[in-house]
Amino acid sequence: MNSFGIKFRVTTFGESHGDAIGCVIDGVPAGLEIDGSYIQDEVDKRKPGVTKFATQRKESDKVRILSGVFEGLSTGAPIALIIFNENQKSSDYENIKSLFRPSHADFTYFKKYGIRDYRGGGRSSARETAARVAAGAVAKKLLKKFNIEVKSGVFAIGGIEAEKLDFEYAKTSEIFALDRLKEEAQKAAVLGAKEAGDSVGGCVFVKISNVPAGLGEPLYNKLDAALAGALIGINGVKAVETGEGVNASKLKGSQNNDQMDRNGFISNHAGGILGGISTGEDIDLKVHFKPTPSVFLKQQTQNETGESVEFSLKGRHDPCIAVRGSVVANAMASLAVADMLLLNASCTINNLKKIYG
Amino acid sequence: MNSFGIKFRVTTFGESHGDAIGCVIDGVPAGLEIDGSYIQDEVDKRKPGVTKFATQRKESDKVRILSGVFEGLSTGAPIALIIFNENQKSSDYENIKSLFRPSHADFTYFKKYGIRDYRGGGRSSARETAARVAAGAVAKKLLKKFNIEVKSGVFAIGGIEAEKLDFEYAKTSEIFALDRLKEEAQKAAVLGAKEAGDSVGGCVFVKISNVPAGLGEPLYNKLDAALAGALIGINGVKAVETGEGVNASKLKGSQNNDQMDRNGFISNHAGGILGGISTGEDIDLKVHFKPTPSVFLKQQTQNETGESVEFSLKGRHDPCIAVRGSVVANAMASLAVADMLLLNASCTINNLKKIYG
Amino acid sequence: MNSFGIKFRVTTFGESHGDAIGCVIDGVPAGLEIDGSYIQDEVDKRKPGVTKFATQRKESDKVRILSGVFEGLSTGAPIALIIFNENQKSSDYENIKSLFRPSHADFTYFKKYGIRDYRGGGRSSARETAARVAAGAVAKKLLKKFNIEVKSGVFAIGGIEAEKLDFEYAKTSEIFALDRLKEEAQKAAVLGAKEAGDSVGGCVFVKISNVPAGLGEPLYNKLDAALAGALIGINGVKAVETGEGVNASKLKGSQNNDQMDRNGFISNHAGGILGGISTGEDIDLKVHFKPTPSVFLKQQTQNETGESVEFSLKGRHDPCIAVRGSVVANAMASLAVADMLLLNASCTINNLKKIYG
Amino acid sequence: MNSFGIKFRVTTFGESHGDAIGCVIDGVPAGLEIDGSYIQDEVDKRKPGVTKFATQRKESDKVRILSGVFEGLSTGAPIALIIFNENQKSSDYENIKSLFRPSHADFTYFKKYGIRDYRGGGRSSARETAARVAAGAVAKKLLKKFNIEVKSGVFAIGGIEAEKLDFEYAKTSEIFALDRLKEEAQKAAVLGAKEAGDSVGGCVFVKISNVPAGLGEPLYNKLDAALAGALIGINGVKAVETGEGVNASKLKGSQNNDQMDRNGFISNHAGGILGGISTGEDIDLKVHFKPTPSVFLKQQTQNETGESVEFSLKGRHDPCIAVRGSVVANAMASLAVADMLLLNASCTINNLKKIYG
């Protein structure tokens, strides 16, 4: 089940150490300007090998558009994007080919499929998320057409939390930090973990602005449910919060309710979604990433024949997946909202009249 | 989009003050014992009007099986279940028919559909969840066939947290409390809010045991993503955590990793899911409910013509939706796992050989 | 898999001799006038027990709307419709409960599910099509809003073919005959078969007018593919033709091509669909029904234990399923086109601009 | 909507004159031997430029496997296949870029999307079917594992019908003729049309053997409905028949019924499907292709501004699309049956017990 979305539907393919990764984006409305350089810019944001806060695997991650675009515009046909892999080092994985790295998907893929591509985690590798980001760029392009903006940044690392949300600043930060005043401490947490052969968890904030009221398809494809499913589906995400999130469970109704005056909502505890439908206020999401399971410390595990073994991991890994995860979360949120934008189009007779007269 | 699941697929219908609510369950494997009294028992757990901790609306919630069962066994045909509404008091809603109750779905349904059934919240009412619980009972029956057990209870109310998870005790508690020692304080929080005309949030814990390793359909229908989507889709849920959840974002990899020995996993920070696939360990989920938006205090809001108005709510409401939400969360988790059980059936040539020889 | 359609999505339930049959219609745009009497009129067209050309089973087929309609308008919530069964004679089926009626679905349901509801064919009975017609009525109501008209009638019975297509006349004919001059011969074919304890096949013509150009979702949900799938899925249908149909395979391109002048298409061999998308011309479909497999002549078959047995069928049956099949084909075509109308809404940036500004 | 199937799901991309065409096959069970040369052999069957009975466009149609296969076996991950285009002659289309070729999809794509890739028909070109054949090869490989065989050949051209079905002979025939004695006349019909600058229609027969009884997902994903939808969706197909097909509408029940003795079905008028589920007998399908709309005779049409124009087509075209259509029909039928094989896996408790114990 490698497709995401219903009307704006992305299918991804490819493994960490295979020939290529890519995606097919189906349902892109015809007439959208599709810009190779815009897609490339988005993909470059999560490109590995650029800073010391990410894996040192060097990939140019050059995106090629194979179909669905003619004279610069989407045609309504599926848009296929491909990125060829260049810097696989499968030899790094020889020593772990028959054992299960702790907290990786090695064990579960083996249990499910009876076979696994051990090279770099195969399909379960975060490398696949480059395809998500490429698809997300097309979604963002569509959303921009309607002034919808999807912003993201790193909120916390190892429990060190931002106190302000400066999405503009985050764009320029090597770790996409939202709070310039916390950035150094957060960076130190990443590098500290890295130097210790360890890793560290983090939290990403996603804010979606200018979403028109009315998006979301209750009862079983609510906007918050779709966003949560999209985000928890990212490698390493263990919790998602909308609006007040976990804190809402501690509040009184009188504290958490969003009253209105003639100008609209006075507060936004809801995080822009009520009854699974957008209110028009900012959609606020917190996405909690676990620490990278790839640590270089000695660990105990099982091998494929069920024996207990000790090992030390090699290879090149992100010390904190939340950092590049910020870009991926942005892409997945964009895909989810784009899908909702299309799904909602036929929800009333009035809308249909605007189209069919 | 009122269907949930792909192979084990439930479609619900009905409004709070309409004639009936119900569901059609498609994909139930043929040959399952379907037991009206078992379904009824599950539905009775969330029945309103029974304790002082829930709404006083009196509904017998009698479930009738309309199809799909012959001589006590499922036939493979869709199973339709219906519950007729009995105790609607639509007059309670006359005074709010043209205004938007704060933090309810009134505003968003109106914006999306241009029309809304204001009586008791119409389709957005938690009353619809009775249909989910009925469907969930059929899912649970299927899961039991394979020893999978879905347990749930109230973990916290208003920030008062359980220190132990006693799912047996929860079954007997009026508020489904998991920790007998915290129950009184939690009850007091509910009744205190109720007496003040207010409401309070809470957190439900769901534990799923004996799930075989291998369930989950990566990359875009992972087990955790499906569960999170199912649970966030419940009325009032604002956050979902799996395993270490929010806390994982604060940990080091060396703390969060689940190492293995020859007996399997030594710890379960993952909460039973790695790479979106079940590990065979317990699946642990925390589901955070906001406080009921229906409070009786004076509130400010907008009406349909955009004017600011003050009002006080009437009607019968749960002071803490997390309490009965515990039953609904259990049902939704059951539906999600049942779907995964069926989806996984064809995932290997070996499985197919067992079936087709 | 008891759902049809993607955006305009119908899920049906119920067996021939169960408590009730019905459907849940999801995706009906909000603001559509839903008229119980209109639905009832459509359902009455296929009601059994009315003429000597159909089964003598007496059912009032009273449709009840359970949800999704408020003050006469669709709300965007799922519309559930239910018809309780009244005139089951399960005793008619006692003598065939362990044998497989030739050319019925008894054998295949038993092989697939290992169990079958033998009473009147259970889920495989044409009785279920009453639910399709009820759902189809809602689809037709939607289509009428946009001037799209779905017409049908009996084209041929036992090879006796109409020479003209008079859909107005068909409405008044007991056998929905399209050609008044052929009607008597067609009726005689039905009654002749009936008196001989036999049955006879027939062909239904469906014409859909005023479909806007542009409906259909290539490449794998083309308009003709969706229509063909919808129609072949009706009980007893063995072939579907669009436009020139079978005859197209005998023609030269110069004969079959539809040239255009400034007024549009000069001919319509295509039957209103090119490349899987509507041209704006009439959509023409021929739907070929096999003779009712329920004949009263002595037949040889197998029983559940694999023995060869002779038997004679009892019960009440249509001598020619194509007659009432005409109503069902109309409903299914309506559902397919309604779905396409909604799916197409988001296909261009221009359409989205009309909705979202 | 460029995906086909539910569990065995293929998504295709690419245009006639774009960079590449290809597909992503999702849901292939893990552990299937995937053989590049087998896929290539299938694709070569429909390769253009080989005989005088097909278009002279020269494409090597070299298939490259990008993902989803490790050490010769499917891993459960999506299998992406790509074919780069080599022999586009877009200049052939300069003179028709602003007019609508009669009976092509030019008009409808323009009406739907407001834009079209006129080069070789863009997405609507039969060139895309190479991707279907590549995907179909993987499906066939899966089916062979369970002894299911999908055979096809040309039954009729221009009304000249085969009298025998020799699928072995068809493999060696340049036009995939099923009847050696009719082959010359059929070839003459193709070449005669070609020399006259015209084209001719034809009919393909598909026979699927050794399908286990029980495949098909009633009521709305019946085996025959899925097959018919798959086949009518192929470029140029105007009618599909199963079993007796059109002829069934002319028969009596006593003639059309398939009686049984202890050895099973005595006849197979049903064409291997009853109630939408396979009987275990051969599945017989006739697929009727219209004549290629690309004829070189002078034709009248409209241009994009609505004016009437005369023109003569250039380019390289198949004089009879049914010939290579035989290969495509085989692939689509294989995909449909593979999907049904997987979907059926979870249909009974007994099947699940075989898997989960």
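Letters A, B, C and D name the chains as they come in the text, with residue numbers starting at 1 for each one.
Rule of thumb we're sticking to: contacts are C-beta pairs under 8 Å (C-beta built on N, C-alpha and C of every residue); 3 or more make two chains touch, one makes a residue touch a chain.
Note that the structure is predicted; figures quoted are calculated from it, not measured.
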Chain separated most widely from subunit D, comparing mean CA positions: B
Which of C-D and B-C has more C-beta pairs touching across its chains: C-D
Centre-to-centre distance between subunit D and subunit C (centres being mean Cα positions), rounded to whole Å: 26
Geometric centre distance via CA averages, subunit C-subunit A, whole Å: 44
Centroid distance [mean C-alpha coordinates] between subunit C and subunit B, Å: 37
Junction residues of subunit C, two or more chains touched: 1-3, 12, 27, 30-31, 76, 109, 112-114, 123, 343, 347-348, 350
Residues on subunit B engaged by subunit C in the complex (per definition of touch): 1-3, 9, 11-15, 18-22, 24, 26-27, 30-31, 64-68, 70, 73, 75-80, 82, 109, 112-117, 122-123
Interfacial residue positions of subunit D with respect to subunit C in the complex: 1-4, 12, 100, 102-105, 107-109, 111-114, 123-124, 128, 156, 158-159, 193, 198-203, 213-222, 224-226, 228-230, 232-233, 235, 238-246, 248-262, 264, 266, 269-271, 273-280, 288-295, 297, 299-302, 306-308, 322, 343-344, 347-348, 350
In the complex, subunit B residues that touch subunit D: 6-7, 27, 29-32, 76, 145-146, 212, 341-343, 345-352, 354-356
